[in-house]
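In this document, chain identifiers A, B, C and D correspond to the written order of the chains, with residue numbering beginning at 1 in each.
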């Protein structure tokens, strides 16, 4: 599988500048200490994200392309390598937060120096390989931009002072009325083609496009809301083994889980939720988030028992097929994070559509929260990882991970595709992850 | 999904007697201490297996069917419940080995008492539900018969004296010449039907039969051998991150793994392997076993790099399709464990076929070792667990497990089907598990 | 420091036979499974105790003394070595319970064979060194006899069936009235001599006898009772950080401790306690036991706050001085375990003395429960470990252990001395350990 | 035990200003990130030290003394409470490094505000209790000043870039010739008085002064050097169980320890050691440091075997007696840290005395490195903790800790006394800890 792009050097230079600037904008409200600390092994410090994304351009783009390449700092090759064995050793992941030197200023200088070298390279008619790797580097940095927010939120939530990353840009979804029950987008089954096609960028794991047989099913036209999930909590959902996968129940019992991550009981008013805008009252109409697979799956089983319908999580093929065919894309283009200084950094209630719709629509397909599927993350038939070190990008994680589809409010605009395959372990709950129900027909 | 059977009470009584006797035969060579000890949380003591399989009949068959049912011992309901929350509490799994009372004699008495009650029930024209649950109980006990051997082998291997469960019944495969390279059973792709069909018994997870789209591929007509795996070891396979899934490499490094489980280096003669017949020289022609998913997958990647072919593990659908269509079944009927007092309890080299074959044949499909697939264990489209407590049998484990297909030398004869789905976590290596290669076409 | 004895070979042969017989008597009520299982890393299986004490005679006595010594089984040297690096490798302690072979019968045969060889050696006028090492071996086996009971009790207590090791030999202390408040044995302070003196056997850690300066103090003339400790529990002693050492409070919180080991709340009648005679009602008049240092120390602080007196644990020098001077020894000789088939295996209430006492008496100094002191286990001034492998017996444990003095109902008769220093880590609570209060004057 | 002082308010105000300034001087070379990160649960961030020492003055001094006291920030009471249960809840110790807000600037503002309030209080003729608690607060802050350096050194050492806290102020001890063998300060034994006496400040654990009986012994007149310890390493000291306490050997084996903390092998020149001045060649003449109790004790046993003398660690009473009587104090007054901007922050070789000495001298008694003793940390006879929350300062740690005596180059000048009792767990090696040999006579 070769990595290619059809974007021109000049277009790429513009995108490069914009993407790199967004990372800095995300870090802008933070102190040096905020950017330094690692709150758990799975999360990384903002400073590390800023450095690692730079390392990626330096190592994957500059090193093979610059004549007489010399590293910005020889130690960074190890220090900011995440998991590329082909590049060499890596600094231990759980110890990323201990690296106080280089300091933030040095990391920002590293960014600036690599930026200059990349732009110089782009101005010199680089090879198609360079352009392709640079394009990958941009998508890579966009992935880390979302992680900056999820990791930072986890850190701030560890602080009993409940620090505010940025004040809320408005009144929020707290007062929106709960939505009506979902409508269902039905499909009678049969062979469909799944996976990325066409000339645009896609990760190797979205290819090759291939045929898949779908059984008859329906997908809800909206996500499960916080209010709906609160009903599951209130009815004792976390105390009843019936709803849980075996490993999920072990997790609930051993961790004494009683509610989603970042919910805190407030005697007077019910639940408060910690957000990047500080503590907010639970917004019943907004999509549920910070669920792990166990919680998403348990909710579906509970909802099935209550409704008498064969509710479950959708498979990723069902999701992609519905998203492509049921006009998932809003007219205004793919949603997502654009300006961290003004955007909401918490999902809001879905807005009613302005007018009559010709087709059923897979609402909140993108730009709300990532949606757990019933599909384990595995290779598509005929899958080949990219050649070289970037072959480690996706392929080696294809075990014990589950696919999430869509994108979230924190996914940078222009990053996700309908064929996009996000993946996390079943117990991960610090991501912006929720669920949509499916139903056997 | 309803659980049914078409076997008559009288046939079932015969099968019941035979299955129950096999469990006792497995325990016959053991001391009370051997049957008592639990060598790791994943393994259970033989005594517990003897009691738990009895508990299953008592709880699932006798309790709903016997008028005025009274338990053999009230404490056994908790003590020998494995994981059925619908039945109530369970004794903690890692502490099964601490239960020295009831002693072995009491457990054997429990078996005899329940046997008598089951046979009495069968003689009184029981309901179809009872017959179906009894049939399930027999398959359940057969599963545990294989686990008796895997768990016991793990225990004996912890003993530096390398105790022998039973002397080898013959000279063994040590001297057999390595087989020629495998032949390839090719298939051009398209829609196929997968899953159990027909009237015989199957677990709920084998149903419903459903359509699946297969891409063009080929399957090797035999398993990977110990000799082939020894070449991977000799070439530094356990020291090269290239071949390993990320989680697999973490496992290799943190556990300092250098060879498959039960291999021990012998300066003079290469490898010795611990078997239920004691230490034996590594038999190059016999199938590799005690591999976990990481090891099976790493071997396939290494073999792909060496051969230049797109080698990989097969999906479970590819396996089932090939097995059904490529005359997997030997003429003499499904192989498997029949008499633990005389059978080999270690896989032997495949024997050459007696005569010309009309069709390509998926050799060693059953009765050798379980075969890891590339398929995560998940629900078939439209899957419904059985009603009642037995609904916990399979469904709640459908996350972070991988499917193995076929059966092993230790699978009791008559137990496995070509639609059978065994499953274990990726890191499990104490099962009789090996691999067959597949190839994209 | 040399190890010597003045006992004759013939006397030693008699003692040898008696001591070895007591170990067998302790194991007599047990099944093979009971003797096999290890319930936690700190506890050892009875079978291991039977084998290890035999290993000690074989390795320490026979090997240097028998001409042409040959081991009973070459693998036992490692398998049953506890912690003697000078002897060589040791089987990992937490895996003692996995060694199902040799079976109990083989271990008993090992005992018999070594017994015969030892008695043969004794009949041939052995060297003083041999006699001294044999004497040590007898004391060593007596130590393990008490451990057989503590370790076995822990195992049986892990079984929800609460198995009975042996029926109680009588009505028990349950109904005895609580004793009156303790009397106090006062001492005005000054230099005292501490440590073993004289010709009889003592462990190296009891020597050399040396001078020690004592401040004025008093010791209670009896142990703290179960009833007194129950008052501490009832008043929230386990929920109040004030009473606890910092490490003790961490232990209480992390383990969620609410009562002493083996106590179980019984709604109707208060507390039941698990004993080797099965569940028994808490006997208020009997000494508290199964306390660890944290619990003993916390009780003393709580009692100090309630009484307004400077109560605390005694130092080991205070204890020894009082025991030697305050007629601790009952007229009938040192108490302790004599016949496990008829003795109480649980401490009983102190009996009132028969007549007037000339001197104040340190009641329950021996034969009840071990008594935690305030003294860390450390070397006496001028301490030298024994020469050779037996130098590892005591000296290398002199850090992070606390001394217990006295002896318990389970200490074999004739084993303990007033200079005897038992020691365990602060958190150990499965021993027969309680406390006596001291007070600054 | 009451806490008193005889210093005047005006003198205290001067000392307060000086002590508080030293803390800021220690933090001066650090970035905000350096002050934020916690490298292990036992170590705390510099920012936390700055805040906690302020909390101590606010909570222990201002709160009881200021009329209408209001806290600087209500959340700080929990956030910066180390372990005082009497004050209330504490933020979890291992999560101190996650508190990025308040930021460093806010913590410095907190310091300034509390400083102003304390000085205001001092100007208003405060009560003796206030003066005494303020004095304690100054000693408390001095303790944390040394911890700032030990904890920071541990953090910087986790960074493969080996950051330099401050350049070395000179050429260092690397080239100094090894000192001659130590002289021995002998004492014939007998009763001595130990503990703090007099009017000056002392911690409660140094009192009451009491009588102690010493056996005849000798103490080396200097510390063990790096060069001497390097010989132990070179002779396989870390690979020979003979030298180690049992728990120490377990530690060596499980952690695969091969050399003292911060030593790194340098093929060309032997050992390099990480210091606060960066990597330095091992200075053979300087005292060994960063040893834990196991290492110090193992060295003594090894040295005993090599010398044939009864070498061991001194007891704390032996140390104190020798220090008081053998003119330990240099004429220029107690040494120690004075100016972190110019002082060596690594121990240097002892300098030869200028002229003839009238008395044998316990060289390097203070200002070099802390010296492990053979004494467990326990209460002196008649010990009473201070009243109130400060009673938790010392007393509740009196188990499983070992006393270190003397002081180190990093102990602030004026802080330590000859009766001073430092204490750490046996495995702690990140402190500035070394050893002096003692010998039985």
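We take it that contacts are C-beta pairs under 8 Å (C-beta built on N, C-alpha and C of every residue); 3 or more make two chains touch, one makes a residue touch a chain.
Source: prediction; values computed, not measured.
Asks: Which contact partners do subunit A and subunit D have in common?
Replies: none
Asks: Indicate the whole-number Å distance between the mean C-alpha point of subunit A and the mean C-alpha point of subunit C.
Replies: 60
Asks: What's the distance between the Cα centroids of subunit A and subunit B, rounded to whole Å?
Replies: Here subunit A and subunit B have centroids separated by 38 Å.
Asks: Sort out which chains touch which and give me every pair.
Replies: According to the stated criterion, the contacting chain pairs are A-B, A-D, B-C, C-D.
Asks: Which stretch or stretches of subunit B touch subunit C in the complex?
Replies: Touch list, subunit B to subunit C: 31-37, 39, 47, 75, 78-79, 91, 95, 97-104, 155-156, 158-161, 163.
Asks: For the complex, which residues does subunit C have touching subunit D?
Replies: Going through subunit C, the ones touching subunit D are 83, 85-86, 191, 210-215, 217, 241-242, 244-249, 293-294, 297, 310, 312, 374-376, 378-379, 381-382, 384, 396-400, 402, 425-426, 440.
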